[in-house]
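As written, the chain order gives the labels A, B, C and D, with residue 1 at the start of each chain.
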Amino acid sequence: MSTSRTEAFSDGVFAIAATLLVLELRVPHVEPGGLSSALLERWPSYATYVVSFLTIGIIWVNHHAVMERIRVVNRPLLFMNLLFLMAVAVIPFPTALLADYLREGHDERLAAAVYGGTMALMGVTFGVTWAYAVISGLLHENVDPDRARRSLWIFVLGNPLYLLAIGASLLSARLALAIYALLALFYMFDVLPPLEQGYETSPVPSNQQGSTS
Amino acid sequence: MSTSRTEAFSDGVFAIAATLLVLELRVPHVEPGGLSSALLERWPSYATYVVSFLTIGIIWVNHHAVMERIRVVNRPLLFMNLLFLMAVAVIPFPTALLADYLREGHDERLAAAVYGGTMALMGVTFGVTWAYAVISGLLHENVDPDRARRSLWIFVLGNPLYLLAIGASLLSARLALAIYALLALFYMFDVLPPLEQGYETSPVPSNQQGSTS
Amino acid sequence: MSTSRTEAFSDGVFAIAATLLVLELRVPHVEPGGLSSALLERWPSYATYVVSFLTIGIIWVNHHAVMERIRVVNRPLLFMNLLFLMAVAVIPFPTALLADYLREGHDERLAAAVYGGTMALMGVTFGVTWAYAVISGLLHENVDPDRARRSLWIFVLGNPLYLLAIGASLLSARLALAIYALLALFYMFDVLPPLEQGYETSPVPSNQQGSTS
Amino acid sequence: MSTSRTEAFSDGVFAIAATLLVLELRVPHVEPGGLSSALLERWPSYATYVVSFLTIGIIWVNHHAVMERIRVVNRPLLFMNLLFLMAVAVIPFPTALLADYLREGHDERLAAAVYGGTMALMGVTFGVTWAYAVISGLLHENVDPDRARRSLWIFVLGNPLYLLAIGASLLSARLALAIYALLALFYMFDVLPPLEQGYETSPVPSNQQGSTS
């Protein structure tokens, strides 16, 4: 199976999971004049919406960077990717859980730990998928295998950060949410080995544009 | 109509049905300190989420394997595929039904049978679609017609397994759920005749990569 | 803008609208032993689910047949297509309305008329989009303009059938639902002028398969 | 990363956000004979549905026009596009808010201002994405850089219109909704510099059609 079909299905799951987050922003029903305070009181819903949307979006960028470096997808890789997508697709649930209990003001630390556990599960399944592709030799020939193998350390080192955030959630749910936001920003950095002479700055050859437009 | 457009629409239905499953994981509203037990009590929601997500994901893999072997899509095939997609898209309903009644502790065997009936319907419509393509000569020339015809036996033999699972659901809903999980894993095996010299291990030719990236 | 991007967005709306229909199949909450009768009592939800899913799926097939015959998409065509998609995307609402009032046993004829009105709106916007493409000369050169112009009569004649169904809904909502199901089957017939020597039976040339797989 | 993958993910978010709007059209539950007045009373839901659907659809058209003019996507552009998509994906929430409070008849001006704020956020992030692409030299060589730079003024001038609409919402929520509808129509005009000799009227070369069908 080509990587393009795997990407199409994965893109669908990413886009739907990110867009379903809005269903957790429920309209409050209040007495006349009470809307502004009711909307402000719901800040946890907006904060968790932003953190979850950006996390899904940034992981989508990294998922594509990984898929660009994979030459061919075999069945084991497909099923690892499926477990990863299952963790992505479930994100709206811990997002709603954390938002609701931050607002209720009790049990919010457990909710923050569940949120962090989902993020850690996503990180681990993502790292395992990349590690399997590197170790099984499924990469494009223009990816340096040594640099690919060294990039695995970033994933090995990155996941304990989520464990730290889960630990912080036992102290304060708000602190944990701030750390989750920082971890999303951390994932913005490109840690994968470059493809050819830098795939980002090189123009797309004109003979490819016909088929991609 | 080319198979690519049929795949794009089918991919959309697969991805959306799989991602909508998360809407059934509702946030419990509890007294202070009651969240952990409320979350644990909802294990049927998580178990059915995992089984349904993996079943949809694995069927998606097999759907692509079938589509890769089909040369051209005609109107009858499109409408068989549509009936199959209707069975896929309805999965979130029996999933929620089974989760809710496993938790309520009554009528759960009927709910498990409805779940199995939906899965059997999906299996039958999938098998009929493949059988129609094989019998009507819609396959690629590099698919061995004899092996394709023999692969139909797998589908004929596979569907009674769902009937067995529906029977088991009358004994125990939990046993039935375990069998549904095993059947999803059973579908992970590739039973279709190979395309050329094995489409999974052969690298994508470099002149195709431009259009698939 | 190429037709491919318009098709991708349209495919998304079709697939999502069809898959969102499942959210209207709500799990009934009953006393022990009451599930089977509660599920049977909800037959209008299943019947309207099937009719709406098949209608959306069949209209998707016809939308692609139209898009295949269009050479280039201009802004007016894009906005007509957008109005058509707005009618497609709203279908889950009249579907739920008809299902709920068929079950409640009152006001179901108004609900059936609203359902038919939505279908008629979809048919009219679809016909207007095709008519605009034919009249403005946006078709592929291998579509016979005379046959394209004659095909417009089918649309002009097809839409009054929905008006008849709306009329029938004032007599009986169940009769109207049966007519809507028949109209969906009516749309299964291919009424558009052929593309080249019949696009359905001709094999996809092998040099195209690389970019579409 | 090629623009095609960014477009695929963006298309998904646009199509899902537009289609999720239907979930806010809830079925009213009334006494026998009360359905027609209950449906009419819900006009704000239909009006906001139409305005939001058309706004998302028209912004989708413009997003593609921008993406067609961009040669290559780098990480900063991806994250600006992500912020833009976050504003698009949230639209169902202010849509439901405005519909509910227009019907309740109180606090509707605040709801209209929140709606306008979301639209302004979408406009600003869209303009910033285009401005970054123009200033950073990420455009195709067949886009006139001078005309591209001048087109930025349209965005600078367009966004204060949303501020005006937010101001109008403090006077009347209905007036504001009418202005939002007019602003969507305003976005129908093509203000970007042309691509080559006009991309809309030039036929797609036949060697491209194979890969886009």
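Everything that follows uses one rule, which is that contacts are C-beta pairs under 8 Å (C-beta built on N, C-alpha and C of every residue); 3 or more make two chains touch, one makes a residue touch a chain.
This is a predicted model, so every value here is computed, not measured.
Where the sister copies subunit A and subunit D meet, the same residue numbers recur on both sides for under half of the interface positions. One copy, subunit B, sits rotated relative to the other, subunit C; on C-alpha atoms the angle is 90 degrees to the nearest 5.
As a whole-number value, the distance joining the C-alpha centres of subunit A and subunit D reads 25 Å.
Centroids of subunit A and subunit C (each the mean of its C-alpha atoms) stand 35 Å apart.
For subunit D, the set of residues that touch two or more other chains comprises 2, 4-5, 8, 12, 16, 20, 23, 68, 208, 211-213. If you check the complex, the residues on subunit D that touch subunit C are 7-8, 11-12, 14-16, 18-23, 25, 27, 29-30, 32-36, 39, 49-50, 53-54, 57-58, 60-61, 64-65, 68, 188, 190, 199-204, 208, 210-213.
Listing the residues of subunit D that touch subunit A in their complex gives 1-5, 8-9, 12-13, 16-17, 20, 23, 68, 71-75, 78-79, 82, 85-86, 89-93, 96-97, 100-101, 104, 106-107, 110-111, 114, 205, 207-208, 211-212.
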